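Several structures are given next for inspection.
Next, two complexes with subunit A in common: one pairs it with subunit B, the other with subunit C.
Here is the complex of A and B:
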């Protein structure tokens, strides 16, 4: 049983470690690999927030904060790239912490709306604070991640897409491990109890607002780091990238994948990033593919894509049972 | 001073259009318990239908408005039946359905009309001038239509049996169903009214400014802002919230840019929600 479980986690990780080697020849495939990594971080960190039953519609805003912080600090204040990279996450968590207490006290629908407006405000500030962000023209020529070298062993030079694949893979695995540990810890249990019944959780002495605020900050920190990476990878930032829909797509990834399971957000982000790309040939009709996946899942798989194997297993059982009854 | 008065007048015009968008959203929310994110796309479709009928087919603009409202009212009934009915009260699932609809409708419009901005030419070009304040008839009629539709909706809710049934469903769905009210019919009615109002609002905005496939997103955000500000499910709150946001959108650009106006509006709403989570006139 134990080895079976290890295999179940290690096999996909190994697959993703080997995948860039096969995709190496095609820049476009490598790009999609990297975007998948970013989306997985965003979706998984948003899913962590939703474990308390709160839906944030402003997650893209925190990615925006991370991206602009990292870009501005390296370009205007001469920060070293990796320092700025980390600062992206820290500023995102600082903003999240500043507003977490008031906004985690309101009810679900209002929380969704508050975070939606927050995302819009952050985007508009990026658009309006021209001295820092360059307004709608954005920031150009953001320096790439610096060369990592351990003398005598290896040097990694981030001038091509290939090393970026491993950087985002490493970052994503680190964040997933972190979120997974939280999920399986005392903190994770408490968060689930809040989602099930807020008042009951409060009645046994859980500081509900406090826990909601903590996980909100954690999620936003991860989004900030994803943003930092995006800034240095893409080397161009424009506020339009972080519009309302950037946030809404992240929650779509979570729900389509299946928010109840840890793997749900990962599966949702991967499927909804890769599948529309496969159908790139249909050009302007491409959104229909995305819409098709959305409607199929929401109408036929209420548990999300992550619930598909169980659903299939249950169906097979039902059919074989029916057959057994017919035979009897 | 004149500039300020002029901005207030402009804000009043934009405000009434926001009110029309928000009324639909708030009715749908109070009956179906979902925030209909695709509302902005209905608004965009309204503008495009009026554009198509009046510019491409050459039909009278006022008749085009009526046709757009009726067509999108029917679209609303279809959306309720096939998309939103089964997700009544489910916030997360309804977001997914709405995102699907947003992409679907936007893509259809981009594929059939292209993504460039379009203009609906003015029918009446006279301008009302009081002192130094100028108000084009086009904008004045937008306010007039807004006020008439709001009053009509108010009377409909207060005076008709269907309107009172809507109030009953909004207050207590099960209680209303036990009294023999057909909840599904009322849901369809609320979507029909909401979509028809959005269509008119979009067409009015399209006539004053421009028509583009991406005009729905901002309208949706503003509509939601209005109903949150006024209180979810409150018709009077939608009117007050819409006018407040309209004034902000009209006055702040005098001193700063339009983006700053949006920032001020949204920050104001965030603050009000934190202090008073149910909005200005909302019941808990």
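Here is the complex of A and C:
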């Protein structure tokens, strides 16, 4: 049992730790690895919000906040890079907290609409606040993450893609651990109970609005950090990156992976980042590929890709059972 | 323990609850009966904070709780069940009760995140506590089943277990016996008495007259949001106003 668990959690982690070493020679592969990391953070944090039964359509907006905050603070206000990096998350959580009160009190479609427009408004601010954000030209030459050095031990210089791989891996693992603790603790259980029946949850003393607000803020904080990282990694920010599709793709990642399981968002983000890259020749048809995958999953794998192993196991059981009956 | 003073609720022009004054004393089982649409469930919703009263007060242990949020009222010690079987369908039976034990456990956000020893201890205690409640209710042999797969009667019982897990001083049961077969009903009646014996007060809405007359100490009869009669089961049974509100007023009688 125990060794089984170690294998299930440690083996993938080890794989991802070793992977950049093998990809080292190819800058393009390293780039995809890094984008995977960002998308895993985004999808997992959005999934955390959806555990209460609410789907935020503005998650990309909070990534946008993190990215622009970190870039503007380093370039216009002389913040140290890591300070600004963290501020990206903090400003995202501050914005989330400021609007959490009204928006967590509305349900389903209304929540989706409000977050959708919120995401658009955030992007429009990035587009129109030209003094700060450079408007549609964006921000260029954002300084990379600062050199981390422990004298006598090691120095990490973020001038190439390779160290970025480990930074995003570390960040993603930290965030996943945090989200996993929430999921597996009392909190996760309470959040799921809210998704199932708000009235019943309230009747047993759950402050429904508070829990929704907390997890919304947590999710937005993670998205903000992912944005901060993106800004310093990419060194260029344009508002177009954070259009409505950025938010929708995150949702598609969660749905395709399977939002019911913690691993679902991770799997969805990885698969839907890597697979379209394989079909890079048809890049302009990417939305069609997404829609196609989405349709297939909704109809044939309602539990998402994460539910696939169970589905296969159940099928095998069914078939072998049928065979046993035929033989008898 | 609980007292309502002039409790009134309007839905637009409709007066759903009109000047209700009732009391529940400690350790009592108070029955609320009345025809459909009499305002019984509305009364429960007002007491538990799911609806805000238009006027009047709800005093729980001397404190006015009218207008408080449902979760606050639950924290103060008033739990309820729902007429429709509200349970957490995607949880197992045990998980249903565990999640309802949060108030009892008093678990904080950060200790849950950091998995402190205090949290782990509380966590284990909570599962024990939930299991005890299931044993009390008689569902412990079904603890690992998904709640959605339970039979109707068991879902009703689970609803009661969830409310009990919130550790209330006053328990409001909304049609706890509806749709039960005679054997389930007997067990449920026994259970309600056992809950009272455990020191809790109970208010219950029920249409099953045999059950109501059997288990209640006192009964309040509502019709069109107004109190029609109150008193012991025998007294209420013989009250002509009560008979009229259920059967209507005959021409000859009028």
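Criterion: the second predicted complex is superposed on the first by the 316 of 328 C-alpha atoms of A that agree within 3 Å, B and C clash if a C-alpha of one lies under 4 Å from a C-alpha of the other, contacts with A are read in each partner's own complex, and residues count from 1 in each chain.
Here is the rule we use: a contact is a pair of C-beta atoms (placed from the backbone, for glycine too) under 8 Å apart; a residue touches a chain by one contact, two chains touch by 3 or more.
Note that the structure is a prediction, hence the values are computed from the model and not measured.
Once the two complexes are laid over each other on the shared chain, residue contacts for A:185 go to subunit C alone; subunit B is not touched. When the shared chain is aligned, subunit C comes close enough to touch A:214, but subunit B does not. Legend: residue contacts after superposition of the two complexes on their common chain; A:38 is shown touching neither subunit B nor subunit C. Applying the stated contact rule after C-alpha superposition, one finds that A:46 touches neither subunit B nor subunit C.
In the superposed model, A:252 makes contact with subunit B only, not with subunit C. In the superposition on chain A, A:226 contacts neither subunit B nor subunit C. When the two complexes are overlaid on their common chain A, residue A:206 makes contact with subunit C while staying clear of subunit B.
Between subunit B and subunit C, B contacts the larger number of subunit A residues. Within the superposed three-chain model, A:113 lies in touch with subunit B and out of touch with subunit C [touch as defined at top]. On subunit A, the surface touched by subunit B in one complex and the surface touched by subunit C in the other have no residue in common. Within the complex, the subunit C residues that touch subunit A are 48, 50, 69-71, 74-75, 79-80, 82, 86-91, 95, 98-100, 102-103, 105, 107, 109, 112-115, 119, 123, 126, 162-163, 165-166.
Interface residues of subunit A facing subunit B in the complex, by the touch rule stated above, are 55, 57, 102-103, 105-110, 112-114, 116-118, 120-121, 124-125, 127-128, 243-245, 248-249, 251-252, 255-256, 259, 284-285, 287-288, 290-291, 294-295, 297-298, 302. Chain contact summary for the complex, subunit A toward subunit C: residues 178, 181-182, 185-187, 189-190, 192-193, 196-197, 199-200, 202-208, 214.
By the touch rule above, subunit B contacts subunit A in their complex via residues 35, 37, 87, 91-93, 95-97, 99-100, 103-104, 106-107, 110-111, 217, 220-221, 224-225, 228, 232, 257, 259-260, 262-263, 266-267, 269-270, 273-274, 277.
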